[in-house]
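Per-chain residue numbering starts at 1, and chain names A, B, C, D, E and F are given in the order in which the chains are listed.
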Amino acid sequence: MSFQYLNPGPARAFKDRFTTKVDETKQWYEEGKSGKIGLLGLPYSKSSISASQASEAPQSIRRALGFYTTYSHEKEQDYTDVTMLDFGDAPAHPTDTEKTNDLLKKSVKEMLEEEACSRYVLLGGDHGVSFPSITAFHERWGRVGVLQWDAHHDVRNTEDGGRTNGTPFRSLLESGVVRGEDLVQIGIRDYSNAQAYAEYCARHGVAVYTMADVDAEGIASIVKKEIQRLKEKVDLIYLSVDMDVVDQAYAPGCPAIGPGGLTSRELLVSVQEASGDPIVKAMDIVEIDPSKDVRDMTSRLAAHVMMRYMYQ
Amino acid sequence: MSFQYLNPGPARAFKDRFTTKVDETKQWYEEGKSGKIGLLGLPYSKSSISASQASEAPQSIRRALGFYTTYSHEKEQDYTDVTMLDFGDAPAHPTDTEKTNDLLKKSVKEMLEEEACSRYVLLGGDHGVSFPSITAFHERWGRVGVLQWDAHHDVRNTEDGGRTNGTPFRSLLESGVVRGEDLVQIGIRDYSNAQAYAEYCARHGVAVYTMADVDAEGIASIVKKEIQRLKEKVDLIYLSVDMDVVDQAYAPGCPAIGPGGLTSRELLVSVQEASGDPIVKAMDIVEIDPSKDVRDMTSRLAAHVMMRYMYQ
Amino acid sequence: MSFQYLNPGPARAFKDRFTTKVDETKQWYEEGKSGKIGLLGLPYSKSSISASQASEAPQSIRRALGFYTTYSHEKEQDYTDVTMLDFGDAPAHPTDTEKTNDLLKKSVKEMLEEEACSRYVLLGGDHGVSFPSITAFHERWGRVGVLQWDAHHDVRNTEDGGRTNGTPFRSLLESGVVRGEDLVQIGIRDYSNAQAYAEYCARHGVAVYTMADVDAEGIASIVKKEIQRLKEKVDLIYLSVDMDVVDQAYAPGCPAIGPGGLTSRELLVSVQEASGDPIVKAMDIVEIDPSKDVRDMTSRLAAHVMMRYMYQ
Amino acid sequence: MSFQYLNPGPARAFKDRFTTKVDETKQWYEEGKSGKIGLLGLPYSKSSISASQASEAPQSIRRALGFYTTYSHEKEQDYTDVTMLDFGDAPAHPTDTEKTNDLLKKSVKEMLEEEACSRYVLLGGDHGVSFPSITAFHERWGRVGVLQWDAHHDVRNTEDGGRTNGTPFRSLLESGVVRGEDLVQIGIRDYSNAQAYAEYCARHGVAVYTMADVDAEGIASIVKKEIQRLKEKVDLIYLSVDMDVVDQAYAPGCPAIGPGGLTSRELLVSVQEASGDPIVKAMDIVEIDPSKDVRDMTSRLAAHVMMRYMYQ
Amino acid sequence: MSFQYLNPGPARAFKDRFTTKVDETKQWYEEGKSGKIGLLGLPYSKSSISASQASEAPQSIRRALGFYTTYSHEKEQDYTDVTMLDFGDAPAHPTDTEKTNDLLKKSVKEMLEEEACSRYVLLGGDHGVSFPSITAFHERWGRVGVLQWDAHHDVRNTEDGGRTNGTPFRSLLESGVVRGEDLVQIGIRDYSNAQAYAEYCARHGVAVYTMADVDAEGIASIVKKEIQRLKEKVDLIYLSVDMDVVDQAYAPGCPAIGPGGLTSRELLVSVQEASGDPIVKAMDIVEIDPSKDVRDMTSRLAAHVMMRYMYQ
Amino acid sequence: MSFQYLNPGPARAFKDRFTTKVDETKQWYEEGKSGKIGLLGLPYSKSSISASQASEAPQSIRRALGFYTTYSHEKEQDYTDVTMLDFGDAPAHPTDTEKTNDLLKKSVKEMLEEEACSRYVLLGGDHGVSFPSITAFHERWGRVGVLQWDAHHDVRNTEDGGRTNGTPFRSLLESGVVRGEDLVQIGIRDYSNAQAYAEYCARHGVAVYTMADVDAEGIASIVKKEIQRLKEKVDLIYLSVDMDVVDQAYAPGCPAIGPGGLTSRELLVSVQEASGDPIVKAMDIVEIDPSKDVRDMTSRLAAHVMMRYMYQ
C-alpha cells in the first residue's frame, strides 16, 4: 500500500501547516501515556427535572475544540505543549440514576488512579454529574473546595424527585463530601431560587454571591478572594461551571435560560482568574443541551472556558 | 360582577357557533362524571434509549385536538356526542424508571376503577409506558390481545439497560401479562431490528407483519383478519400505536425515524378498521417527541388516529 | 459608460445559455404590452382566523418560478413563448378588511380591463381574497363556474367574525356572484368541517367531493367530468386552489395543515386536466404562509401548479 | 372516587415543596376575589404594519411565568403574597380593528370596574393595543402619565393605514387622552424613525430620550427624574414597554428588531426603578411575536419585567 | 491500567448485545485488510451552481449508518458478514475545481488499486464528483455502463461555468469515458431541464426515462430491462444516485428540490433491483446538503440506499 | 391604461408618506447618474475554507436597508440626500477562484472609472473578496491604508489551499498592494489565530489590536489614532469589516463565530469614528452567511454599519 493522495481514517478538516487546532493537542488515553489535562465526558442528563439532552454536550464541546487554536495573542503564548488525554465518555445506565451515579464516580476514580495528568476537565451532562464527580475527587485527594458558577443553588430536597440536577450540592453537603464553608456559589439570580434553599445555604455557611454582588464587587475580584480563602483549608479546588450562570443572549443552549446573567466575557475572565492557582485540579462544565442551542454557541463558549482553564 | 365583554378563564380561540372542535367535547374528569372515552397522559420518556422528549407529547396531542372537528363528511356523521373525560397526566418519578412504571400502572388502574368510560386512550411518552399500561388493563379485565403498529419488535433483552422503550413487549411476554399468540406486530421494517429478536418473536408465536406483508396483503385486510382471530380468545383488545411505523416523511417527530414506512393514510385506515369492534377497549399512542417534530405534524396525525378510533 | 464585466441592475443567478427559467418569461406589465398569462399578487392575510403571513406568498411563489424551466420532457415541448405579464401586487389596507376587499376587487378589474392576456393567475394571500377576485371576474365576464381544491368548505357564517378566510364561498353564494350549482369542491376532508356547513353546501347544490370520493373515482376523472358539466352553463371557469387540500407531508407551509390529503402528484395531475379547456380563464393559489414552510416546499409546489396551468 | 396517584386536571410540572413558581400565585378571576395584581391579555396584532403573530404573546408570557420563582435573593424577600388575578384574554374581532379597539377598551374598563386589584399588567399584542388600554385607564382614573420604552415614536399619521401599531401615541395625543407633556419616550433609536415624527413629538412637548441620552445619563436616573416630574401632575402613571427597545441580541422575538438597543439588564433596572412609586398603576408589554422568537427568550424577559414591576 | 468501567476512545452509543448496527461492520482501511464493500467519501461541493454544503454529506451518511441494523426481516437474512472498509475522505482543493477533480480521480484509483473489495460506494459531494469517480473506474476496469437516478440530465455546456454539478455526464460523454448508449437516466422531471439538453441526450443515444415513464412502466421493470441490456456490452455498471430524483417530501435535503419525484420506496426498490447483478461494481450517492435537511431524513434515506445495494 | 389602484412593478411594502427608508434613497446605476455612495455586491464565497453561503449576503443586506430610515434623532439630521447608486453584483465564476478574483477586480475598477460617487460600499461575500477589491482601489487611486475589523489576521500561507478567505491580507502584502505599516487590525482574538501569523504581521509592521487592547484603550480611541496616523501617508483609506469581529451573541450569522468579541455598539461607534474623515473612500462588509443567521440579525447590523459610514 502506497497512498499518495488518500489517507484512510476519520475525516480531517482543512489543515494549515502553521495553525494548531486545540483538538490536535488531544489524544485518546492509552496505558502509559501522560499529559497535562485529562478529559472525561459524563454524558448523563436523565437526572434533569425538565427534559434535557445535555447528554450530547461532551460530543459537541469536543467538536468545538476543533474551531479554535492554541495561540493566545494577548499573552503571546502558544500552548501546543498543553497536551490533553481524552479518557472518552463514562458509561451511564439508561434507566437507573443511582446506578449511573455509581458508574460515574467509579469512572472518574479510575481516571484519577492512572495518575496520568495534573488537571482534569469533566464534561456533563446535567449538573447531577457533579455529585459523583466531586465525590471521586474527594475520595482520591481529600478535602475539596468548590467554586460553583450557577444561577441556582442546587440544594433542593431529594424527597421530591430523587437526585436530580437540582440536588448535587445538597447531596455533597449531606454526605459530608464538601463542607458548607468550602462551597462558593457565584451568579445566583433573583426569581430563580427558593427562600428555603437560600436559608439552607446560609445555615451551612456557603458563600453566596448574587448577580448584584457581581455587579458591585466585580467577578474577578470575588473569585480571587475566594480562591485565596479556600486554598488555606482544602487539598484541592474544583470549579463547577453551570453554563446557565450566563445570560440567555450569550448561552442560549442551557435548559434553564433567563435574562440578567453574566456576559460571556465575565465568565471567561473569572474562570481564567480562578485557574491561575495550581491547587485548582478539576473543572466540570454542565447544563449545555446542544439540541436547544443556536449554532453551538454555548458549546463554543464552553470550549473557550476550557482554554482559559488549561492555558495558564 | 356583570361582564359583557370579558370572560375570565383560559384563553379560547375564535369560536364559530356551528363548529365543534374535538377538544370542546373533552372535560376534566370529576367524580360521578361518565363519558364515552377516557383519556390519560403517560408523560414519561426517560426510559428511551436515545434522548427523547416524548414526555411532552400528551400536551401537544391535546393541543392538536383543537385543530380538528367532530364531523365526518364521508360518514355524514357528527360525533359531538362522543364525550371525552380527561384524567390528566399520570405522575412519573424524575429519576427512577421502575418507580415510574409502578406509578403509571397504578394510575391507569385507578382510572379504570372509576368505571366511567367504555373506551380509553393513553398518550405516551415513549413505548416503555405500554408495559405498565397494558398490565393495568390485564389486571382489571383479563386476557389482553394486542395489535402493535411499530417498525420495531421492542423485545430487547433487559440486561443491557433495564426496562427501556425497546423492551415493553418482552416484559409483557416474560411476565405473562400477554401471551405470544395474542400479540400482533404490524409494519416491522428491514434493517431496523435484530435477528435474535425476530427469532424470539417467532418462538413465542407472535404474529409479525413486515412492510412487505403490508404491501402484499393490504394493511386493512391484515388488521381485519387479526382482530377476528384475537376476539375469539381474549377479553379485550389493546391497540398500541408506535408512530415510527409511519414513514419519516409523514411522521417526522419520532425519535427513530426512517424511510420505507406506512403512509399516514395507511395508518388511519387500519386504525379505523381495527376500532370497529367493541372488544377494542384501549389504545395508546407513543414515541412522538414534539421537540423534534415539524409543525406538530406527528401530533396532528395522532389526533386523527384518535378520531378514527373514537368516532365509530 | 462601457461596462465589459459589470451589468448594473438586480442580481441575476447563474445563466446557462440554453436554459430558460420560468421567471425569464415574465415581464412587468406596461401599457400596450400583451402576453398569454396575466399575473397579480393579492398579498392579504389579515382576514385569516388564525395568525397567518400568507401575505408573503406572492413573493415566495415568484421566487420559486426562478427554480424551474419552461421545458416539458414528457410533452417534448418548450413553452418559452408562454409569456407572462406581471401586474405586481394589489394594494391592501393595513387595518380594514372590507376596504381591502374593495381594493382587491378593483385591482383585479383594472387588470382585466387592460385586456392584455388570455388567462390569469392570482396569488394569495389567504382564501379570503377569492371573494373579491371571483367577483371581479364575474362583473367583467359573466357567469362563473368555480373548481375549488380545498380541505374545507369555506362557507362559515359571517356573524362570528366578518369576512374571514373561512367565508369566501359563503359570500360568493349569498351575493349571487356564484350559483351553488356552479361551485365544485374537491378534497373535502373528514374532521375538518362542520355538519351545518356540509348541509349548507348540499342545500345550495354545491358539488362536493371528499377524499374518499377522490380515492374512489380518481381526481382527474372528477375534474374532467365537472369541467364538462360546467362549461355548458358558464361563461368562464375559475380554479381556486387552496393548498391545504394537499397532505401536510407535501405542503407543510399552509396554516391549517393535516394528514390524509392529496399527494402533490394528485394535485398537479388534476390541475393539468382542468386547465386543458380554454374556458378556464383564471386560477388563484391561496393559503401558503412562507414563514411556516419548510424550504419553500409549498411555494415550489405552487410554481408547478402554475406551470401545469400555463403550459397547455 | 379516591385517587391516590392520579389527580385529574391540567398537567402540572414537577413540584418542589419549597419552591413557588410565579404562576402558582396566579388565579383565574372570579367574582369577589381580590388580589394585588390584575392580569389581562390583549391578544391582537392585526394592526401591525408588518405581518405579526404578537397575538400569541399573552400565552407565551404566561407560560414563562412558570419558569421563575417568587424569591428575590438580592432583596432577601419572598413575594408569594403578591397574588395575581388573571382576567383572561380580551376578545378581538377577526377582521375589524376599530371594533377590536372598542372591545379592548371596554374589556379593560370592565376589569377596572371590578376594583379587585391595586395594579394591572396588560399583555399585548402589538403596540396598537396601548391606545384602547390607556384610554380605559384615563376614562376610569383621570389624567395619565405614560413612560414608553420604545425604539420608535409611534406617532405616525393615520391616513396611510388607519390605527396601526405605529400610531397609538398619535391617537392618544390627538384624542386628548394623554397630553404631550405627560408622555415620556425612552430608548428612541437612530435610523428607526422619521424627522416629521420627531418634530411632532417636540411640538407636543413629549419628553424624548434617545439611546445616546441613555448612555449619557443612565436609564435609571432618567426614569427616576421623569417619575418625579410626572407624579406632581397626573392621577396615575402607565408604563408601556415595547420590547423592541431592547437590542436584538437580547430580545430577538420582536417584529422590528435591530442592533444598538438596551441590554436586558438596562430594561430590568429601569422598570424596577419606575415601579417603586405607587402612582404607577399599570404596565403593558407589547410587540413580542413568539413565532419569531428564539427559545422564548423575549417572553422570558417579559416575565422578568413583570417580576420587577410586581415585586416591590 | 485495568479499567473496569471506563473504556477510553470515541464515544459509543448504547449497545444491545444482540443487535448489530451497520456502522459496526465498518472498519478504517489498513494495508492488507479486505472486505466486501469499499467506502470512500468525496466531500466536494464547490462545483455546485447554487451554494451547497453537500461536502458535509459523507459525514452525515456515515452517522446515519449507526441508526440502522444489518438484519432484513423480509429476507430473513442477517448481513453482519458484509464487511465494509472505509477509505476515509478523498482530499479536495479549497479553491480549484480542476485540481480537485484530479485529486478525486486519483484517490478513487488508489482505492481500486488496493483490490481489497468487490464493490464500492462513493459518497458525494455534489454530482460533479461523478465525473472523476466514473473516470477512475473506467481507467481501471474498462467500459462502464451507468444508471443515473436524477431529475436532471446534467449535460450542460461547460462554457458557462466550467465543470459544475450540472455537467458531469457531458464531461463523461465528451471525454469518451462513457458512451451515450451506455448511459441510462431515470426520473427526469418536467420543467427542470432544457430542450437543448434533452436533444443532446437523444443525439448521443442516452436512454432517458421521465417520471411519466416511471409511472407507466414501473421503475423496477425499467431498471431490470436496462441492466440486462447494458450487461451484454459493458465491463462494469456504475449506479449514480442523485437524491433529488426523489420528491421533496421524502428527500428535503437536496439543493434542487421539487415536487413530483419518486417516493422513497420507489428509489429503494429500484436500487435493490439494480444491485442484484454482480456486474454492478460501484454506486455513488450525491447532492445531499445536510445543512438544508430536516432531521437528516435524506441522509437516512441514503443509508437505506446503501443497505439495499450492499445486502444482496 | 389608467390605473387608479394597481401599480405594476416589484412589490413595495407599506409606505408612510413622512418616512424615508434607506433603500428608497438607492437607485440602480445608469450612465450619467451620480450619487454620494456607490454600492457593489461581491457575491463570492467559494474561497471560504469552511462551507459558506456568504455569497447570499449582498441580497440580505440590501433587504435590511429597507428596515431602517434615513433619520438620526441623535444628530437631528435627515440623510435623505445621501443618494446611493447600486451597481448590482459583480460576476463570479462558478468553479474558478483565480478567474473570479480577476472578475471582481475588474468590476470594481469599472465602477470606479465611472467616477459617479465619492464613496463606495462593497458587500461580500467572504473575506477573500477584499484582495481584488482593495487591489482595484490601489490601481485606481494609489497608496491605500486599511483598517481591518477582524477576529483573525487573514495572512495564512497560500500553499495550503490557494487564495482563500484566510489569505487576503497576505496576498495584499506580498503583491505590494498594501504596505505592512498601512494595515491596522482591530479585534484580534485569542485562540483564533496562529503564532506564525502573529509574527508575520509583526515582521511586516502591521498594527495589531487585540480584544484586550480594545478593552484597555477603547475602540473609538484606537480608530481615531490610527486614522490620524494613516492619513499622513496614504492616498485613501479603506475600511474592511469582517463581521466575525463581533461577539457571536450579536452577530450569529458569521461562519467563524465565537465568544469574547465586540458588542454591536462597539462596532457601530468605531465605524462612525473612522468614517468622519473624507480620506475614507471605501468600506467592505464581509463574512455574513445569511443561511446561518438568526432573523437576519447580522445583515441588520451590517445595514447599521452602512448607515454609520454613509451618514456623516
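Criterion: a residue touches a chain if its C-beta (ideal position, glycine included) is under 8 Å from a C-beta of that chain, and two chains touch if they have at least 3 such contacts.
A quick note: this is a predicted structure, and the numbers were derived from the prediction, not measured.
Considering the contact criterion stated above, the chains in touch with chain C and with chain E alike are B, F. The pair A-F is the one among A-E, A-F or E-F whose contacts match those of A-D for more than half of the residue pairs. Across E-F and B-D, the chain pair carrying more C-beta contacts is B-D. Chain centres here are Cα means. That of chain B falls 56 Å from that of chain F. Computed from the mean C-alpha positions, the centre of chain C lies at a distance of 40 Å from the centre of chain D. Centre to centre, using the average C-alpha position, chain C and chain F are separated by 42 Å. Under the contact definition stated at the top, the residues of chain D that touch 2 or more other chains are 14, 49, 94, 161, 249, 294.
Taken pairwise by the contact criterion, the protein chains fit none of the simple patterns, being neither a path, a ring, a star nor fully connected.
Pairwise, the chains that make contact are A-B, A-D, A-E, A-F, B-C, B-D, B-E, C-D, C-E, C-F, D-F, E-F. Across the complex, chain F is touched by residues 49-50, 156-157, 159-161, 166, 188-198, 208, 210-212, 247-249, 252, 256-260, 292, 294 of chain D.
Note for the complex: chain C touches chain E at residues 13-20, 22, 67-76, 78, 249-250, 264-265, 268, 294-295, 297, 300-301, 304, 307, 311. Taken together, the chain F residues at the contact with chain E in this complex read 45-47, 49, 51-53, 55-56, 93-98, 161-164, 291.
Chain B meets chain D in the complex at residues 1, 3-12, 14, 28-32, 40-41, 43, 58-59, 86-91, 94, 103, 106-107, 110-111, 114.
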